[in-house]
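Please go over the structures that come below.
Presented sequentially are two complexes of subunit A, the first with subunit B as partner and the second with subunit C.
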Partner chain A sequence: MNNYYIKRTGRAVLTLWVTVTLTFGLIRAIPGGPLEMLRARLVRQGVDPSRIDAIIQSRQQESQPIYVEYYEYMSSLLSGNLGESFYFREPVSDIIIDALPWTVFVMVMATIILFAIAVVWGALIAYKEGSTFDTASSGLSILLSSVPFYVLGILFVVVFSYKFGVFPARYRTSPGVSPELSFLFIQDALYHAALPIASVVITQVGLQTLAMRGNSIQVLGEDFVRVARLRGLSDRRIATRYVGRNAILPMYTGFLTLIGFNLGGSVILEEIFTYTGIGYYMFEALINRDYPLMMGIFLVITTALVLSVYIADLTYGLIDPRVKSGDSNEAY
Partner chain B sequence: MAIDQTTDRRVYSADDPIIEIRNAAVTYDEGRSYVLDHVSLELERGEILGVVGESGSGKSMLASSLLDAVPSPGHLTGEITYRPDGEAPINLLELEKADRRSLRWEDISMVFQGAMNSFNPTLDLRTHFEETLRAHDADIKKGLGRAEELLEDLYLEPDRILDSYPHELSGGMQQRALIALSLVLDPDVLVMDEPTAALDLLMQRSILLLLSDLQEKYNLTMVFITHDLPLVAALADRMAIMYAFRLVEIGDTRDIVENAAHPYTRALLNSTPNLDAPLSEMQPIDGQSPAPINMPTGCAYHPRCPLATEECRTEVPDYHEVETDHGSACYHWQASYDEVPLLHENSPGDTTGGVDE
Partner chain C sequence: MGSSIPGSNRVIPMKHTESDTGSEREFSFGAAQSEVEVTTADRLREFYREFIYKPGLVAWEDRRTRIGAIIMGVYVFIGTIGAWLYREPSTNQSPRSLRPFETLEAPLGTTGSGQDVLAMVIHATPEMLIMILSGGIFATGLAVLIGTVAGYKGGTTDRVLTTFSDVMMSIPGLPLIMVLAVVVSPERAAVIGILITINYWAGLARSIRSQVLAIREHSYVEASRTMNVSTPRILLKDIIPNMMPYVLVNFANAARYVVFASVGLYYLGILPTSVANWGIQLDNAYSQAGALSGGGTMYQLVVPMIAIMFLALGLILLAQGMDRVFNPRVRTRLAGESGSETDDEDTAAPTEVMT
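Let's turn to the complex of A and B:
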């Protein structure tokens, strides 16, 4: 049993290390780079070629053997130093510390809401399998899942922000509202996050609903549900402890990994809503070839995904007793 | 020659019936076909009735009917009367939902085939017992005491079992725990649908022994449904043979095993593995049992029966009285003795898989 936790932790650490090393290599394999970008910009600005060379020279660091660079890269990373953003002229870690909580807030909220809806809706459909409600719901689910979230996002901005002006079109809070634990702040933050959350929920809820429907229908056909009915248990208890719980089990890992995936998917979403989370900064970094910032955010997103799978592994035993005793040690 | 043909209930009646089944029929397509085809049966208080039939002969439907628990969307018709000791008889099919819910498990309980799937994998066994007691407004503490006694009767350690999750128990342990769970509310009747199907021979044998002990101790009436004729022959007082959704023969176990009067029963006995007989002497029954949508007219067994005549193809035979309390739904039961000779001497006591008493 302890072995299980040690194994999971080891695997998570290994995954992170591989990611970090891969990014280290990838970034060096990309042609161009920030200095080339700078040279091109200076050339466009009509700066004297000899001055350009001088500027580039001054920025250029002496190249070191690759293992020395790797060592320095790893050690600065471990001390929390992700380098400085070329574009924003700020330490990458500061930008991430400022932006990450907002992205986490939006994506965790969105994922929780969409799973709550999916679990209830999917279970209801399963109980009414074959009815008009089932057909309509399943059709709607597929329709919703086929809409890309950025299309819906743009539609939301156009309709709710510009046409009717009921929701803000940009930023995390209104100007002048400072982050503090007050009702005004929370209200303002929710107000600004409403559209991004809604576009994620609406476009992702369909697939999860269909998954819950399938799971529930399968569990409803299990012998233990039939025996529970004969034993006289109330419909409510059967729906929650028997059907619900067993149908949610396979979705639990999906839920946590979806949070991780959504953090990565925030790039376009936050750009549409000009919501300055890590996705927004990732977009800016891509446009400006700001490699340190890009790498920093990339690492954060990967770490989030690894962490969510890790948490799923560690906590799965709490909801499924069969995992605790090592009957099955794969949660996904 | 229909002199001995009888439609009255003499052959299947009981002196002191605890459950009476009249024309119980189950259909899934509004009566175009039946997966339980108008079966009548009476269950004697305190007896063990073995119901034997091959796969897909309607055994499980008969079992489910006894609790009015036919899986939806099946439709059960007929009359099923439960007669509690010293109380007014209850018509099962006319009960309100709440009454039916309390009758199940409190009066008539059931053990399904496949105990492995009868427990919720995410709940421990104590919770299974507690929630059952709670659902029937029973005294939890007293009920758990009874559960512990039952588990001990079944040679299980109560504390260990109650604190376990289903997956932590072996198949035999789960099966016994399920029997304990089915008896926790002190029912009068226990219906068992293939309770030993997934178990090895030794475990089958020991569960049979335990069942006959339980039956005596708790004064139970049991219906034991199986495809394993020799297995149930060692346990049952009376046996009923099912073929193609109908009962074809009913009688005391000894009469059925030693003096079977239906060609199907006789062929079934000949097809049963016997340790004393060489393998070459085993005789499979040619052909296949019919599907409910494709039932032969008349006697459902006639396409496979060496005795079949025109009468068999057109008219469904009623019971013919072979002896007192022994009926065979066959026009030619007398001829079956010579036409389908039993290959080896059978007796209820020493059949394979049975229990030595």
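Let's turn to the complex of A and C:
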């Protein structure tokens, strides 16, 4: 069992290393490369052309063998230095520290809400399997999941923000509201996050509901549920202790993976709502070819996803003791 | 799954003889064994019955598959014949800012620069279909290859391939695609499809691997192995056919992912705008056409949205309906071979749902 944890940790570290190496390689694969970016930046600053040439020349002489650059890249990353954003003229780490909590807040809230709805709704459908309620709900779930979250987001902004003016169309708080632990701030933050959260919840709840329905139906057919019925246990007890628990188990990993997945989706979502989280900055970086910021945010999102899957795997044994580590034997 | 053995037993012996006679060259006793000649035509007919007719019949019985197939048929029609018949979009081809249903010339209205909205939607379809196809084939093909080899070979091969797909799976899809799209800036629809599924295959490869782990223990696979049939042949003849329905379901899921991701990328303006796409239309309508100032230009947003939604709906319905093909009992009963009255409850849970 210990072996499993060591292996799992090794895999998480390996993934992060591969991603870091990938970003290192990509930055160098970009046409133009960092030196061209530096030149463009100096031109924009209005530096004398001959001086620019001199600076570029001096940098070129400084260029070291690739493994030295790689070593320096790795060591600066490990010390938390992600470089400086070309576009915002700020250290990348400062931008991320400012923006990340907001994105995490929106996505974790959305994922929790959608799973809560999916579990209850899916279980209800499973109990009434074959009824009109089942057909209608399953149809609705499929219909909802055929809408991409950003399409609903656009509709929300157009209808609720611009046409009726009920919800704010941009930013994470109203101007002048400072982040502090006050009722006004929390209310304002929730008010601004409501539409992004709603568009994620509504479009993603359908497939999770169908998954919960399938799990519940499967568990309802198990022998131990029949035995529990024969023992005369109350329906409520069977529903929560016997069916609910076992049906939710397979969704646990999906829950944490979906949070990580949604962090990636935040790039599109936050652009629509002009919600200045990491997704929004990622979008700005992509459009302005701001490579340090782009790679920094990419690394942060990857780390978040790797960590959430890692936690899911490590804790799965705690909530489901039956789990066995699947060692494959050398056979053929 | 354990209860499905009676159904699959019926299928196994036929496949066994198939691989048996197919490898005659390798066995001296092969010729003596097959007294009944199996011609290529027979084998083709067998293949058609087992893998096209019967699954097709079962899938067609399901309302969801039927609707999904019809929707997909409509899109293929629009993407091929429709795009060929209907005029291409260009600026000032009609009066500017026409509302929908005003003239027959531009039935769904025009944009602020006089482009026919319907023409834009129609001419984005072929590229989208190519993207779906290339992305789906790439994702499922690679997943089948890596999943079956890893699951069947076991040992070091398995460990290396599984670690590889685990690592790929842990890298978040959308940001990776976006970064790659900026660096590579692909122009061709087929390349974009592959780019979008660059790490989508990994999760599928994992679940195929675990299915292969179960299939490889079946006696008919063991028989093939004892007869010294080569590994690629066993994978191709004995293992992969058993997973075709599952692979098809996931093909539809991958295709939907390609639709969502590509439209999203085009909307953000990350991909080169040389190719017509519904995402570009959304972006134009949202930012330029004044869709925000009032309801007057909502149709420019709604038309591409409907195109995206129906395509996704068709793919979901196909995937959900095809799940039923999993159940061999339903399959044989509907094909009229077995009289056993079994429950045909649709218990197949949607597997591996993401996005």
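We take it that the second predicted complex is superposed on the first by the 292 of 332 C-alpha atoms of A that agree within 3 Å, B and C clash if a C-alpha of one lies under 4 Å from a C-alpha of the other, contacts with A are read in each partner's own complex, and residues count from 1 in each chain.
In this text, contacts are C-beta pairs under 8 Å (C-beta built on N, C-alpha and C of every residue); 3 or more make two chains touch, one makes a residue touch a chain.
Quick caveat, the model's predicted, so the values are computed rather than measured.
With the two structures aligned on subunit A, subunit B fits next to subunit C without clashing. Between subunit B and subunit C, an angle of 60 degrees opens at the CA centre of subunit A in the superposed model, to the nearest 10.
When both complexes are overlaid on chain A, the residue A:A29 reaches subunit C alone and has no touch with subunit B. Judged by the touch definition given at the top, the superposed model places A:E222 against subunit B, while subunit C stays out of reach.
Of the two partner chains, neither subunit B nor subunit C is touched by A:T103.
Of the two partner chains placed by superposition, only subunit B is touched by A:L233; subunit C is not. Measured by the number of subunit A residues touched, the leading partner among subunit B and subunit C is C. When the shared chain is aligned, no partner comes close enough to touch A:S199: not subunit B, not subunit C. When the shared chain is aligned, subunit B comes close enough to touch A:I319, but subunit C does not. After superposing both complexes on chain A, the closest C-alpha pair between subunit B and subunit C lies 8 Å apart. Contacts from subunit A toward subunit B in the complex involve residues 222-224, 226-234, 237, 241-242, 245-246, 249, 319-322, 325, 327. The touching residues of subunit A, when paired with subunit C in their complex, are 11-12, 14-15, 18-19, 22-23, 26, 29-30, 129, 142-143, 145-148, 150-151, 154-155, 157-158, 162-163, 204, 207-208, 210-211, 213-215, 217-218, 221, 254, 257-258, 260-261, 263-265, 267-268, 271, 282-283, 286-287, 289, 294-295, 297-298, 301-302, 305-306, 309, 326, 328-332.
Taken together, the subunit C residues at the contact with subunit A in this complex read 64, 151-156, 158-159, 162-163, 166-167, 170-176, 178-180, 182-183, 210, 213, 216, 225, 231, 259-260, 263-264, 267-270, 282, 286, 291-295, 298, 301, 305, 308-310, 312-313, 316-317, 320, 345, 347-350, 353-355. By the touch criterion stated above, subunit B contacts subunit A in their complex at residues 67, 69, 71, 101-102, 104-106, 110, 112, 114, 117-124, 131-132, 135-136, 165, 167-168, 181.
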